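Each of the next two complexes has subunit A plus one more chain, namely subunit B in the first and subunit C in the second.
Moving on, here comes the complex of A and B:
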């Protein structure tokens, strides 16, 4: 006991504490260096604030809008774009995920193929898809829907595979043991077990798509983004600020709505 | 076919066995040594075997080889005289219908209702299209309601499986297996995660099913006391091999020590077994078997099954 008095009892080994310290230090250094290389000066940003607020106060406020009908139509277009692309993406992703879940589809190699394909769709930003598609289809909603469908398919395929894998792991064996064949087992047990997960992910991609479609609109994919870009180009900042507020309202209400739906579905 | 009452043990050799396992061996890829090694035994209709042994002895592997959830490395398995080993996938499915299985966990699809889960037991008998669409026969549904009612689950038909207690879930799992009209029921540690009261209800149900409907049951158990109390016959496994196969009454302390490779003092099993009051337990076991059904569960299940077979 006497020997323990002057040395405190540690709760973790010396090595693991040292590793944590080194890791944190490296993290801070990387952050500081990166910020330095961007040339971003926090002081400058603080000083320039005046100009920023001036711009907001003089040009953006008060919001003014005389073309409510155009605004509403653009908003609805954005909403339709987000929902349509989430729906089409979900259907495509489900077919891909069924083939890409090793527990469900035992054809060798097909899982890696599907995962690779989905990863390509997902990792090319939808903004890039939109640029390519605008070149092919011209400016319009169809470009937005296509670009969002592509990226949604990529994302949902990955999430659906995870969901299906988990559902299959827990629910498939007892049903196969009854002598049932694969298709009924998938339809009667795996898909019902995976359904809440699917719906949660689809709602999530609706949220993402609403936000993305605003940005995609700015490069010509239709909807509220296109309208906003037009106002900014015309220096009509009052109308632009109204549009931004409208986007905020839509994003927040969709989030509230999906939160609500998620709660209902998951309980 | 033997009469329904002919549940008694017929030892290693029986005429017309419902299950025969011959020189079964399973070596897992990457596993060190065989998980099951040179296991042979056969079973009569309505016999109840308790399989005991330490973790890793190969109890689960043995059961899973019988319905080919695991492909055996060598040996033969005959279900009602038909060879399961080496059978093509379609035949395996046909044979699996006659073998019900109850797992420790994840028996049921938690989100689906009790009825939906129980009807899954019929999928093996339906065409793929009917199975996909869930077009179950009305007669089968009627039978499901009957059996569920007889097992005391009549008021839970439309509850989600996830809302049930552990014991209720195991009973639903057993009813789903019964819907297969099996001749064999495999139970892999069915009471391992249950409280003692639910465990007893579940074990009672398994024994009723076994003796009254002449379904041969193999039950993997951690609890030696439960195995002694409920089984006609005990198989003791150690490191993949059978080290004991005989009537429950013959399971001596020395054998238990061999199965668990530990002196009996270091094993947490009922004092009755340790302290040499084994006769009492044996009596309890027999009276348990002769005991009349509490609420007509047994007869009900038997009738339900018979109706199902006729219709």
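Moving on, here comes the complex of A and C:
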């Protein structure tokens, strides 16, 4: 047996028991309300599952594809959309975040203004943005890039402000007290301390964008989603299943790649 | 202003760093001293940022965007926004009803998914799984389920089950189960082995170990992640309508398609207000339980 250090058994504290009680009560209430409202019967749904898996097994297997070139082109388009919008979103978010961090920009009101703006950008789902943009620009990859850039900017601004605030909070006062002026302090101390955090969040938004660009494609923003939607509408399920597998593969490989980068860059 | 208000939040969406660690999103312990710029140490970071800049420009070039069209239609975008901001309360009760539908779908998928996730997460956690390979198999399955976007799952369910809220719930459930299975397994794995050993040597069975030791010490994590997931669920339930399932997404889609932009605008505003409320609520819950 190994040595038992700090051998007190860590069980739930009194606060976390109370939190759990409140949480459970809320869950039960909303569960009852929602079930009453929708009339959802889990047993019925479970029975219908048989039909669902049957459908998958018969119509989707084996996957088949004859237009590999179209698939590859659509995949690359999705990748380009995800990367381009992450890059543009990061630039926009950095400028917004520099203005929106109270410690760096001391003009009153600017911070709340930036936060409010970013919150509008991210709390309207990107698919809704895509719909608005389609109404103006028509169907095309431009809609996908713009919609993704909008939601990336909203997300990253929130996270960049948090990162900058943390970096500024601990470092700025002592440096300013030595008589240094604001710009060099920001460039030499705050930004370098915040950069690793920025990188983590940018990688995260690339991951998110790959997923989102697939979804956006389904409403006409180009890329792999458009191809997939086409196959499903034509009842060409064998080709659709190849496309779905391709989506899975690309999402997993991008996640592996970003994990790898995270390890290399951030440690 | 209190710096405690700005601790790094966990990602609101269902992507977890697949390496199995939450570290980049968790606050790192602070090292003493001021971290000033150091070109040599920060090299990888600068290289990454430079590479990202190059890739962004190259991607934009390869996408071959129609910039002329973009500029030409820009006034039209302004007009769309203007039309949408002239809110129209036409069939407003329907908008509210479909919003309630969306919320109910999100809630039910959350709760059923959480229950399934607790069971599957326990089976997938390396330290308490009854059979080690099962942990690996389940985690790979979770990863695959989450790799396929929710609307695709919903479309598949719609194609086999027909329309309705049940199809929406079932479609959402795929991701919710994949998410909770993964997250709960990780939370369970973080329970110190002494806790489990102590209860086990006392003669407790597997089930008793789970309910007596593992679950109580994971409570705050479970609460925080469930609250966080609701944020994602709500957004996903809201967009489901746009791929053909019901809910407020369908209301927006139908209004946009029939050029009732004022109606669509009000629906978008309501979706936004509720999303904001949910975001504030999860931020509050996270601060309360401190993960």
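Operating definition for what follows: the second predicted complex is superposed on the first by the 240 of 267 C-alpha atoms of A that agree within 3 Å, B and C clash if a C-alpha of one lies under 4 Å from a C-alpha of the other, contacts with A are read in each partner's own complex, and residues count from 1 in each chain.
Just so it is clear, a residue touches a chain if its C-beta (ideal position, glycine included) is under 8 Å from a C-beta of that chain, and two chains touch if they have at least 3 such contacts.
Fair warning: this is a prediction, and the values are worked out from it, not measured in the lab.
Using the contact criterion defined above for the overlaid structures, shared-chain residue A:174 touches subunit B and also reaches subunit C. Contacts of A:105 after superposition: neither subunit B nor subunit C is touched. Touch criterion met: A:37 reaches subunit C, while subunit B stays clear of it.
Looking at the shared chain after the overlay, A:238 reaches neither subunit B nor subunit C. In the superposition on chain A, A:139 makes contact with neither subunit B nor subunit C.
Contacts of A:187 after superposition on the shared chain: both subunit B and subunit C are touched. Once chain A of one complex is fitted onto chain A of the other, the partner contacts of A:65 are absent, as it touches neither subunit B nor subunit C. Among subunit B and subunit C, the chain that touches a larger number of residues in subunit A is C. With both structures placed on the common chain, the touch criterion links A:196 to subunit B and to subunit C. When the two complexes are laid over each other on chain A, subunit A has residues 170-171, 174-175, 187-189, 192-193, 195-196 in contact with both subunit B and subunit C. Touching subunit A in their complex are the following residues of subunit B: 67, 69, 93-101, 103, 106-112, 116, 120-121, 123-126, 128, 131-134, 173, 176-177, 180.
Only residues 1, 3, 6-9, 11, 13, 15, 17-19, 24-25, 27, 30, 34-38, 42, 44-45, 48-49, 52-53, 55-57, 59-60, 62-66, 69-70, 73-74, 76-77, 79-81, 84, 100-101, 103-105, 107-108, 111-112, 143-144, 147-152, 155-157, 159-161, 165-166, 169-170, 192, 194-195, 198-199, 213, 216-217, 219-220, 223, 226, 235, 238-239, 242-243, 249, 252-253, 256, 261, 268, 271-272, 275-276, 279, 288-289 of subunit C touch subunit A when the two sit together in their complex. In the complex of the two chains, the subunit A residues touching subunit C come out as 4, 6-7, 9-12, 16-17, 19-20, 23, 27, 30-31, 33-35, 37-38, 40-42, 44-45, 48-49, 51-52, 54-56, 76-77, 79-81, 83-84, 86-88, 90, 102, 119-120, 123-125, 127-128, 131-133, 135-138, 140-142, 145, 159, 161-163, 165-167, 169-171, 174-175, 187-189, 191-193, 195-197, 199-200, 202-204, 207-208, 211, 214-215, 218-219, 228, 232, 244, 247-249, 251-252, 255-256, 258-259, 261-266.
On subunit A, the positions that touch subunit B within their shared complex are 170-171, 173-181, 183-185, 187-189, 192-193, 195-196.
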